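Across the two complexes that follow, chain A remains constant while its partner is chain B and subsequently chain C.
Entry: the complex of A and B
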């Protein structure tokens, strides 16, 4: 009986902390996105890109983010495995990770006019099938920042 | 930049289509409820199957299974003090009353070194009485009730039934959970609660059986009533805790005994 009590306590605590952390993270993402809304403009997937203006600097910019769900989210996702369906608890985690990575990349390209050829990749860092594996995801956004003369 | 475009970007930031709108807590409760219902039905199914086959099992098969389970257990030598001899006399009175008890185990009786008031029967028919019980209770009618209760478990083949239930449920759990600790723990806890429900049912049946035996031997069930009153005096746990325990609450058992007069 003590097992289930401990589990309920841990679930309750992680649900509360996870909700608070997620809310704060979303708030900060929104604030930064609104601040960066004008510059630099990202351009996904332009294989050929032409300009007549003189270019001062071409630079690789990257933004990385490693993100994990809290215990409660993982638990619900584990139960969801039983029935199948969308893992809605992980959707918000992935969304946060992707937006954070892009934001970091854009913040790194400060002063540039454009980021072209932006790509987003996701990687699992640890051993996925290991016993001690932590459910996490690393998201890397990278592109070429271009600064005009 | 175009004003319209800027507003569009802002609305995209505000309205996030990539995140599901459902509440995680709601989802959690729905999932738990779903699993609870599934395992409730599974327990009913397992209980029905187990009872069906075990009630129809022949005595030879029962003995075979019991011997297989108790393989390697050395027969203990019981110290023959006056308590044990008294209990053996009671046992010899009860066994001829029921066909289900005859021709199987010899029901050896042992003392168990513990202070709590308790008695139990092992799958191969060894009956243990705790030293606390033997010290506290000297009345023959009460001891008859306790003995009949334990023999009732054996006569109903409760040990085999609970084992069959657990085997079926464990099999299904291991298939579903397949190494996922979270699911294993959740299902385990739900299964435990389900299992306890059936355990309490079995205890009630054994009480009813013991009540009948006491009536046959003495013509009244004073011993049973006295036993539960004694237990009630010792008990301090509140009523609702019975849902987490293997036995029904003492008050419920007392009511059951009184109703079956």
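Entry: the complex of A and C
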């Protein structure tokens, strides 16, 4: 009985903290995305950049983020996994991580006209053998920033 | 050293090509930080100490790749790619690779 109670308490606490942290994070992401809306354009997959304008600077820009879900999300996903379908609790975690990594990359490229050929690389760094492991995802976003004269 | 992840350096021409250069690193944080991250893991959110670790690892991998290119006499690395893999819990491997080339301004 006390085990169930403890589980419920842990679930309750992690649900609250997880929701608060996620909400704050999404707010900050949205704010920064709006601030950057007219800044460097991310152009996925452009291989060669054709231009007649003089180029001043070319550099590789990167953004990193390690994001983790919480205990509550993990628990819900565990239940949902049984029935199948979308694991929405993890979708939002990965969405946050990727957007954060892309934002950090764009923030490093302030002053650049374009970022081209953006790529996103991710890897799970948690203990995949553990029963109670909460997913942790390491994400690197990178691209080539081009600044005109 | 110019780094790009596209197939050329815009505004420049490639005059010589030296082949693949690579740089890799596996890094871990100390046990105290791992413990802290473990706690943070329960409540969710970004794991700042691991993000730091990833940044350090990426910088080191890129600098190793640059050193290798420099030894070959290159002044740019094109088509840079990053690959990551999880080696063990709390450690990250970052592998950077690209093609070392010599570039000169157009015209």
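We take it that the second predicted complex is superposed on the first by the 142 of 149 C-alpha atoms of A that agree within 3 Å, B and C clash if a C-alpha of one lies under 4 Å from a C-alpha of the other, contacts with A are read in each partner's own complex, and residues count from 1 in each chain.
Quick note on the criterion: a residue touches a chain if its C-beta (ideal position, glycine included) is under 8 Å from a C-beta of that chain, and two chains touch if they have at least 3 such contacts.
Source: prediction; values computed, not measured.
*Asks:* Fit or clash for chain B plus chain C once both are placed on chain A?
*Replies:* Partners fit side by side after overlay.
*Asks:* Under the stated touch criterion, name the partner, chain B or chain C, that contacts more residues in chain A.
*Replies:* C
*Asks:* Given the touch rule stated above, what does A:73 touch, chain B (first), chain C (second), both, or neither?
*Replies:* In the superposed model, A:73 contacts both chain B and chain C.
*Asks:* Return first, second, both or neither, reflecting whether A:27 touches chain B, chain C, both chains, or no partner chain.
*Replies:* Neither partner.
*Asks:* Quick one: classify A:88 as touching chain B (first), chain C (second), both or neither.
*Replies:* first
*Asks:* For A:3, decide between first (touching chain B), second (touching chain C), both and neither.
*Replies:* first
*Asks:* Anyone got the angle at chain A's C-alpha centre between chain B and chain C, nearest 10 degrees?
*Replies:* For this superposed arrangement the angle is about 120 degrees.
*Asks:* What is the contact status of A:51 with respect to chain B (first) and chain C (second): first, second, both, or neither?
*Replies:* A:51: touches chain C, not chain B.
*Asks:* Taking the superposition as given, does A:17 touch the first partner, chain B, the second, chain C, both, or neither?
*Replies:* second
*Asks:* Touch test for A:136: chain B only (first), chain C only (second), both, or neither?
*Replies:* In the superposition, A:136 contacts chain C only.
*Asks:* Please provide the least distance in Å between a C-alpha atom of chain B and a C-alpha atom of chain C in the combined superposition.
*Replies:* So the smallest C-alpha gap separating chain B from chain C comes to 13 Å.
*Asks:* By the touch definition above, which chain A residues appear in both interfaces, chain B in one complex and chain C in the other?
*Replies:* Overlap of chain B and chain C footprints on chain A: residues 72-73.
*Asks:* For chain C, which residues are in contact with chain A within the complex?
*Replies:* It comes out as residues 2-11, 40-47, 50-51, 53-55, 58, 62, 80-86, 89-92, 94.
*Asks:* So in the complex, the part of chain A that touches chain C is made up of which residues?
*Replies:* For this pair, the touching residues of chain A are 10, 13-14, 17-18, 21-22, 25, 46-49, 51, 54-55, 58-60, 62, 64-73, 93, 97, 100, 116-117, 119, 121-128, 134, 136, 138, 140, 142-144, 146.
*Asks:* Quick check on the complex: what are the chain A residues that touch chain B?
*Replies:* Chain A reaches chain B through residues 1, 3-4, 7, 11, 15, 30, 33-34, 37-38, 72-76, 78-83, 86, 88-89, 91-92, 94-95, 98.
*Asks:* Which residues, counting only chain B, touch chain A once they are in their complex?
*Replies:* Residues in contact with chain A: 1, 6, 9-10, 13-14, 16, 18-20, 22, 24-25, 27-28, 31-32, 34-35, 176, 180, 182-183, 185-186, 188-189, 192, 244.
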